[in-house]
Amino acid sequence: MTEGPQDALYREVVLDHHRHPRGARPLERFDVQASGKNPSCGDEVTLQVAFDGDRIAAVGVLSQGCAISTSSGSMMAELVVGRTVEEAAQVAERFKKVMHGDDVPAEVDLGDLEALTGVRKFPVRVKCALLPWITLLDAILARRQGRAASDRVMDVTFEERS
Amino acid sequence: MTEGPQDALYREVVLDHHRHPRGARPLERFDVQASGKNPSCGDEVTLQVAFDGDRIAAVGVLSQGCAISTSSGSMMAELVVGRTVEEAAQVAERFKKVMHGDDVPAEVDLGDLEALTGVRKFPVRVKCALLPWITLLDAILARRQGRAASDRVMDVTFEERS
Amino acid sequence: MRQSGRSTDVDSLATGLARDRFPLLARTIGDRPLHYLDTAATSQKPEAVLAALAHFYRHQNANVHRGLNTLAEEATEAYERCRRRVAGWVGAPDAAGVVITRGATSSLNLLAHGLEHLLLPGDEILLTEMEHHANLVPWQMLARRRGLQLRFIPVRDDGELDLDRLPELLGERTRVVSLVHASNVLGTVNPVAEVADRSRQRGILTVVDAAQSAGHLPLDFAAVGADFLVFSAHKAYGPMGLGFLVARPEALERLEPLEGGGEMIEWVDLESSTWAEVPRRFEAGTPNVAAAAAFPAAIDLIEELGAPAIRRHEAAVTAYALDCLQDLGGLTIYGPADSERRGGLVSFWDPLVHPHDLSTILDRHGVVVRAGHHCAQPLHRRLGVPATTRASFGLYTRRDDIDALIEGIRDARKVFAR
Amino acid sequence: MRQSGRSTDVDSLATGLARDRFPLLARTIGDRPLHYLDTAATSQKPEAVLAALAHFYRHQNANVHRGLNTLAEEATEAYERCRRRVAGWVGAPDAAGVVITRGATSSLNLLAHGLEHLLLPGDEILLTEMEHHANLVPWQMLARRRGLQLRFIPVRDDGELDLDRLPELLGERTRVVSLVHASNVLGTVNPVAEVADRSRQRGILTVVDAAQSAGHLPLDFAAVGADFLVFSAHKAYGPMGLGFLVARPEALERLEPLEGGGEMIEWVDLESSTWAEVPRRFEAGTPNVAAAAAFPAAIDLIEELGAPAIRRHEAAVTAYALDCLQDLGGLTIYGPADSERRGGLVSFWDPLVHPHDLSTILDRHGVVVRAGHHCAQPLHRRLGVPATTRASFGLYTRRDDIDALIEGIRDARKVFAR
């Protein structure tokens, strides 16, 4: 049996996040709880977000799913804590654009998230990568609207591209 | 403009029946009236049959339709008047078999009807040719069951092949 | 009044457009070359569509959406590409408003069921006297289920809709207007934008049956302003088993799905389920991915030739056919006299030869026409004939097809005059 | 208990049956040869089917039934020949009992609507916990419309139906039993003849979903004794956009049509219509004539190889796959352990690698499997996993496809163990 092809997607950084997910614990205190599901594969994520004024103070990322969605959630925990809501939303929007194959200025730095762009070939997997981020946008929206919770089911074919 | 192909179907005998249909007048007195329609083309025939005991004494064939159905009705008027009900039904059954392409002993003589067998290629036209005959079988059945009238709509694809 | 005719030939009349790309047109009937004059029933397919179909089955065949692998992804992309191409082609604002169905008939049934929950007993649906059974029977079935009234815009003797009656027919209770864009019997091109506009003012939904216009007349969903537009691929040079329901996604949101099954659901429990987003909600089960993968090749051809050029060509063929048939004398020709006001077909009645006899004799000439009620029985009753003979045209139709038709009619008349 | 396995190889295990007649199987994924293990989603097509499809479009393309010419007659004959061939192939007593649909999902929706008028609030429909959404959601929709109760035959831990529960589940109010012949997740081959027999004794209608068995297991409608049987052509080596509802013509007579339109009517007035005879009553609109013309070539292949030989081959592949997967260790494998009691597929859960990750990594090996709920969400909840990985087989599957799968799983585990 020959050696398998070197896998460009499951790079060490992705696997590391998958094995040691950051922020993967329930928060004691949070302002908004948002959950998202991808019915096509059963991926689920629940985000608990604590705000400090306009900043994200802490995030709890409770993921159940494949390595792409868990590592994406873990990377999110690393990227957004300490940022303003505005900055976090920008990262989320940029990541969405990149994953949908839209042109994005090269200077945009997505950090570890770059490692996930290899799934663009498979829209179903794009969903996996986006699930935590779209759920984060839901949490931010809920915060702005003064709600404490949100729930969302993602569709495979026609997602919110706007 | 070249001469059209000699048409094997519209032979003189067919056209003669079409132009001068036999029995094409309402009867003063009849025992059974049966009508048949072919919705796919609008062909209609109404048969009036007068019986003399077990024999067909007279037939009125009131056709509205194409040359195939009117000539078939006209040939019927020629073939069945004076025959017993049994004999007429046999001719009808044989003609049905021939038109459906089933094997029929060569000795069966269908008279002028032979000229109509050229339509076998087109099942829709087979319906035209059979319409008067199936209506006759309906009339005979009505007679046997002591009814004075019958009505039938023919289906194009799945006809009574039995 | 005839505006165009033998004298206003466009160049393409002699040759047809792109005729050599349609392999079937090279076949013979007996020893005669084929003259295919039944495009309104189904169009012939260009080589590129057959190649795309074969390519799909040879290289990409897989089920869609559910896959996480290269093959399924290529198949999904081919399928979704069809949706996008159709949206762009017919001027739909959003590909998410394009439902892929198995044909115009299915699209109309989907609508007639999908709107049911919005209607109350006594509500009215306005149709026309010239509808194909596909745009009549589903509404009859709905009317019976729901206790609705059907109303009909009458057809005038010149083959046009009597739109003077519209104000009185668009009543208080009218909820839906559904009408054909180009009649498959009369050829009449109806002013669908005007009807849609007058309906919208009263909050009435408009459905346009574009089965005969898609691929033949320039089509612009946004400009028409209707809520729903339906057509089949197979009449627009595409494969069989494929059709579309075009709408704005918000309009689709209002419809209940007709069929349940895989792909149209979100969460399924044993007792109940929730639906997926539109348009997937209306696409239960394995779709005809191969046909969807192939149809864009037909759109390519239409766009390469240009919808206006195709329209000009079909109008020229129609004008020529109208002239030739008129010259024969003794025929009743239905629909508008002006070829500019009609799609590419002519239906007529010859009192000397029944349509069935005529089409059988034409077959011996290699001429394929259609004889019957063309799935429009009520219209034929309105016209007062049990059946008509219809010659219908496509981009590939050329003058000698019409000449063969005329020769065949002459021959048939000779047979019956003997 | 495993009965067969690596030791009971049939000759065909090394080569597959007729594999070289399936052009797509020669393609590569990246630089790897393709190993197609997703036949349960859709089968690949033999050259003969593609040739028949192309032949139709190149030589016979026309609409059916309404034509009075050679071309339309050839198309009609090709279409009706499909009906007769299917009837003969599945042992239906009469071709007039075969409805041509666009797929198994459409057939099941046709049934769920068609039977509606026979059912009363409180009546019960019995399904199983292992149904595909196609045999679940249409009945849920019907139950909601009509106020019916759904009941479910449970799935035992060994993947078999718990038929001990049947006497209590077949109640006074049970009117319809609908169950899958071969599960698309567990592989379980259900004793449909036994269920049909016990239902018939109580006057209950039986529906068999043969989507996974047609073309894979020997199928005999008369012997099964069900009232209705449905399947899709595309899973049985035929084209997409085509399916069947098989019944006795008398049983079809009891169904109301779901779709209205051309071809399914007899007389149409503006206000109401009467239906054509069965089966035409259920075939509104232009059917997929091309697909129907091509499907008999798939039946030819199946009959040439012989249904029992195909079955033996698929059972051997399944036994081999079960053995190899077992040897890997640590996997949960679903469905009966005995390959003789299951169709040609294996679904499993690897706690080390999520199915989605596994299928992505397998794709790099050229191995096409399916990961997800396989349109059977309730069954997956019953199994206690969000998704499974499924490898499914056809007559062309051979040992090296399984070996590549195993190698791919090993590689995935290595990736995740790093």
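So that you can tell them apart, the chains are marked A, B, C and D in the order they are listed, and the count of residues begins at 1 in each.
Going forward, a residue touches a chain if its C-beta (ideal position, glycine included) is under 8 Å from a C-beta of that chain, and two chains touch if they have at least 3 such contacts.
Since the structure is predicted, the reported quantities are computational estimates derived from the model, not experimental observations.
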| item | value |
| --- | --- |
| Chain located farthest away, centre of chain C as origin (C-alpha) | A |
| Superposing rotation of chain C relative to chain D, computed on C-alpha atoms, to nearest 5° | 180 |
| Chain C-chain D separation of Cα centroids, rounded to whole Å | 32 |
| Euclidean distance of C-alpha centroids - chain A vs chain B, Å | 77 |
| Chain A and chain D, separation of their C-alpha mean positions in angstrom | 37 |
| Shared-contact residues (touching 2 or more other chains) in chain B | 39-40, 122, 124-125 |
| For chain C, residues that touch 2 or more chains besides their own | 30, 66-70, 265, 267, 356, 360, 371-372, 377 |
| All touching chain pairs, where touch follows the definition stated at the start | A-C, A-D, B-C, B-D, C-D |
| Chain D residues within the chain B interface of the complex | 65-70, 73, 76, 80, 96, 265-267, 274, 276-280 |
| Chain C-touching residues of chain A, taken from the complex the two chains share | 39-40, 121-125, 153, 155-158 |
| Chain D - residues contacting chain A, complex | 30, 32, 354-357, 360-361, 364-365, 371-373, 377, 380, 386-387, 403, 407-408, 410-412, 414-416, 418 |
| Residue numbers on chain A that touch chain D, as the complex places them | 1-5, 7, 9-10, 12, 15, 18, 39-44, 64-68, 119, 122, 124-125, 128 |
| Footprint of chain C on chain D - complex, ascending | 23-24, 27, 29-30, 34, 36, 38, 41-42, 44-45, 49-50, 53-54, 57-63, 66-72, 102-106, 108-109, 112, 129, 132-134, 136-138, 140-141, 144, 150, 152, 232, 234, 239-242, 258-265, 267-273, 284-291, 356, 359-360, 362-363, 368-372, 374-375, 377-378, 381 |
